[in-house]
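Look for chain A in each of the two complexes below; its partner is chain B in the first and chain C in the second.
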Partner chain A sequence: MKARIVAIASNTFREAVRDRVLYNLIAFALLMSGAAILVGQISIDIERLVVINLGLTAVSLFGMVIAIFIGIGLVSKEIEKRTLYTVLSRPVRRWEFIVGKFFGLAGTLIVNTVFMAVGVFAALLYVSHHFQQPDSWILVALYFIILQFVIITALALLFSSFSSSLLSAVFAFSLFVIGSFAEDLRGFAGLTHGLTRWLATGAAYLVPNFCALNVISSVAHQQPVAGQLIFYNTVYALIYAAMVLSGAVLIFEHRNLK
Partner chain B sequence: MASLVLMVCMLGSALMLRLVDQVRTRATLEEVLYFSSPTILKRLSLGYDGLLADIYWTRAVQYFGSKHHEGAQSYDLLAPLLEITTTLDPQLIVAYDYGANFLAPQPPHGAGMARRAIELAEFGIRNNPDEWRLYYQLGFIYYMELKDYAAAADAFARGARVSNAHPFLKVMAARMAEHAGDNEMARMLWTTAYQSSTEMSIRANAAAHLRALQVDEDVSNLEKLVGMYRERTGHLPSNFLDLQGTGLLRGMPVDPLGHSYKLTAGGRVELRIPDDFPFVHKGTPPGYVPPIRPKILPTD
Partner chain C sequence: MPAIEIIGLEKTYTVGFWRKKPKCALRPLHLSVEEGEIFGFLGPNGAGKTTTLKLLMRLVYPTAGTARILGMELDDPRMRAQIGFLPEQPYFYDYLTARELLDYYGRLSGVPGKERSHKVDEVLNLVGLPDAGGVQLRKFSKGMLQRVGIGQAILHDPKVVFLDEPMSGLDPMGRREVRDLMERLKQAGKTVFFSTHILADAEALCDRVAIIHLGELRGVGAVADLTSSVHGRVELVWQGNTIPAAIRELGAESHISGDTVRAVLPEECQEAAIEALRRERLHLISLTPVRTSLEDYFVQKLQPSRTVAEVRS
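And then the complex of A and B:
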């Protein structure tokens, strides 16, 4: 079982690399070096802040785009190309296929993030000339961004398991936007009464909460991140991703592929 | 053939854009402020408000810089740009620190919006109560722009209570009652501004103010000596050598940039190059009109 999941995951990773997904690193490198050189000339006293804010925002957005646009095709593309039947005709269970695909894309995103993180720290070294102890919190922000990728990859896979690529992209992107407003949604729920309150509260807990996973601004200001938040966010992201993946597996298990 | 068309079209589109820019010179900034509500912008940033704040701060710097360069008398978009910046990132100290410096001074040195500068500094203090520089900025604006010495003393006293505050804050709060309005107090404030900033334009501005204070003091003292000479001899001195001859003056008096002062036939003491001292109150020839674009000399 483990070997089959690993095989599917490594194939997914290889496919992503073959699809030139890692080419985004070139754009990222150009963006970071451009920002590091230019910002000191066009602004005042925010070189370090811009490198961290721009770097982490780019890591997050580039990764989100990759997660959504690769994730939505993970199942539907295999069906369109009819390669899924070859895979499932072997002793591979449907849930192993979904989980393998998930780990493959998550692995691609982690590798991509590691390369980008090196770029962020290189640009930071260029503008600051030395690292400070609070710069280590940037690693926590990067870790939280990876947790966001884990959730969005699971969501893209869920939509890919029952919908077309276009609709999956719309659904996944919508959930990314709604998830960024999750705390507002909870605040809105608090203002309502009766059935609306129940529905709004339910929706607020059902959509992924990306707000708590975004600490870019605070680490840019060298503010520490509480250990408790790191732990709770990790558990939350893993539980949420497992929940969504279970949904994807359930749908895919019952899907008629004929 | 295709490559030729590509090159021609590329060149043509660049030329057309230059023509478009000439027609709508202010369009870019107006579009930036299409979202004038900081709260809506914060929501639309999808959590990436730190980067958006940096972009708006850069816009504010660019806007102030270009207006200041052309010697503008109005800076209508400066306050909204700063408000958006600080709402997006309330911890962006640099925006309060330099933003208040841009807002408070009278045109053409600033936007002439001292009250907006105070609101900005107070907003900054509410969000960053441990930043002593914000209390200093607040006191500075009350002192220099509004001449409200009691409010300035209060701001310095509040700042002095912050744990890592510059020791000058305590001194300034204590001396304010006794020395409010005099040159010594102003010199202390500008010296602190010079020493506590790493930004060259801020340091150059502080140095220009310190030079202007020195000129005002020099001119007052020299004109006092001219008066004393007149009392003693019954006529005005024709040059500074006359003052030296009576023992009232030692050496040739020079301004902070090393140029000798001029003594006019009417007994007035004047600067040789008044344009080099944009903030002086004394030492300029009668009817002197300062340049539209103030000359701030680079400083060490």
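And then the complex of A and C:
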């Protein structure tokens, strides 16, 4: 079981690498170099703030785009191209395929994030010439960004398990946008009454809470992140992703591959 | 114990978005394939061959019925490790090289690491691609992909091999090689279940065949037994350039060539034809039975059965 999941995950990673997905790192490197040089020239005293904000936001957006656009094709593309037929005719259970695909893409995103993180720290070193103790919180912000990727990868896989690539992209991107305003949605639910309150509250807790996983601004202002938040966010992201993956498995288990 | 046992397997799809209608892809199918056989699953395009194979591979789920392979249920992973499958017009991960692809399938089938590398080389040789192991599949021709496809189906030394249209896309040499490969699999004691609409391949290779049309099994048996069930015909050749009226009336297909006449007519009319030649004092040169081909049987079985025709009208 473990060997099959590892085989599927490593093949997914290899596909991303061979399809030149990691080339986005070149664009990221260019963006960070340009930003560092520009910020160094025009900002006074807020270079660090701008570089951290810009760098981490770029890490998040680049990763989200990759997660959505690869994730939506993880299952549907395999069905359309019929590559799945020879895989599932082997002693591979359908859930193993989904889990393997998930780890493959999550692994790709983690590797990608590590490279981008190096770029952020390099730009930071360029503008401030030395690291400060609060810079270590950037690692926590990067960790939260990876947790966001884990959730969005699971969601993209869920949509990919029952709909076309285009629809999956629309669903996943919509949830990313809504999830980024999850706290506002919860605030709105608190202002309503009756059935609307129930529906709004339900929707607010159903969508992924990307707000709680976004500490870019506070880290840029050199504010620490509470250990409790790290723990709760980790538990939340893992449970949310596990539930979404279970849904994907449930749907895929019953799907006829016509 | 049969290698493959299909018990009332049936598949009905629902088509349409708003007004959903049932569409029967496979009527209840009962079939048994013995170990060590090469079994041909014949039918025209859209007959239900691929549906049957997809049901056996658990790619689609049956509406009713069940099947067992090597005595095990279809979802049993122990059984899955002992079968190989080549889908119709296969498409593989084109970013991989042939060697990487075979290695991947070997890992999925549980072939141990040390053995895998050796097996991959062996299979690449067997399918005629000894020098193409390091080439990415996106650079492969259709025929080469078909060979890789067959390679992945036999890599893990399966007991039963399912091949969906294995000759498709191959040139005459390639077809010959696949036929030889299937013969070798049989000699090694494997069971080969393959679907095709190329009857010559089936006739040359199969121990037994089944004919399916419109999702319905129309006949099953050894090729010799099936063809003998087709109403026989004989060919008469006589000297002269006239065709007696009595022979014309028997429905003979006649052809005059120089000073000989050839006529093909139903076997049961041969006595009457000989008698007609005798009356006309024509010299009979030969009387030979026309060999019935699988194609004749196939065409006969593809005619709508009375019941089906009545239902449709």
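Just so we're on the same page, the second predicted complex is superposed on the first by the 256 of 258 C-alpha atoms of A that agree within 3 Å, B and C clash if a C-alpha of one lies under 4 Å from a C-alpha of the other, contacts with A are read in each partner's own complex, and residues count from 1 in each chain.
Assume contacts are C-beta pairs under 8 Å (C-beta built on N, C-alpha and C of every residue); 3 or more make two chains touch, one makes a residue touch a chain.
These numbers come from a predicted model, not from an experiment.
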| item | value |
| --- | --- |
| Clash-or-fit label for the pair chain B, chain C on chain A | fit |
| Contacts of A:T57 with chain B and chain C, given as first, second, both or neither | first |
| Touching partner for A:S128 - first (chain B), second (chain C), both, neither | neither |
| Spatial angle chain C-chain A-chain B, Cα centroids [nearest 10 degrees] | 150 |
| Touching partner for A:I44 - first (chain B), second (chain C), both, neither | first |
| First (chain B), second (chain C), both or neither touched by A:I216 | first |
| Chain B versus chain C as contact partner of A:D19, first or second or both or neither | second |
| Superposed arrangement (fit on chain A Cα atoms) - minimum chain B/chain C Cα distance in Å | 29 |
| List of chain A residues in touch with chain C within their complex | 3-4, 7-8, 11, 14-15, 18-19, 81-93, 254, 256-258 |
| Footprint of chain A on chain B - complex, ascending | 43, 46-51, 53-54, 57-58, 61-62, 89, 91-92, 94, 98, 198-199, 201 |
| Residues of chain A that touch chain B when the two form their complex | 39, 42-46, 49-50, 52-54, 57, 60-61, 177, 180-181, 184, 210-211, 214, 216-218, 220-221, 223 |
| Residues of chain C that touch chain A when the two form their complex | 13, 54, 57-61, 77-78, 80-81, 83-87, 89-93, 95-96, 100, 104-105, 107-110, 149, 152-153, 162 |
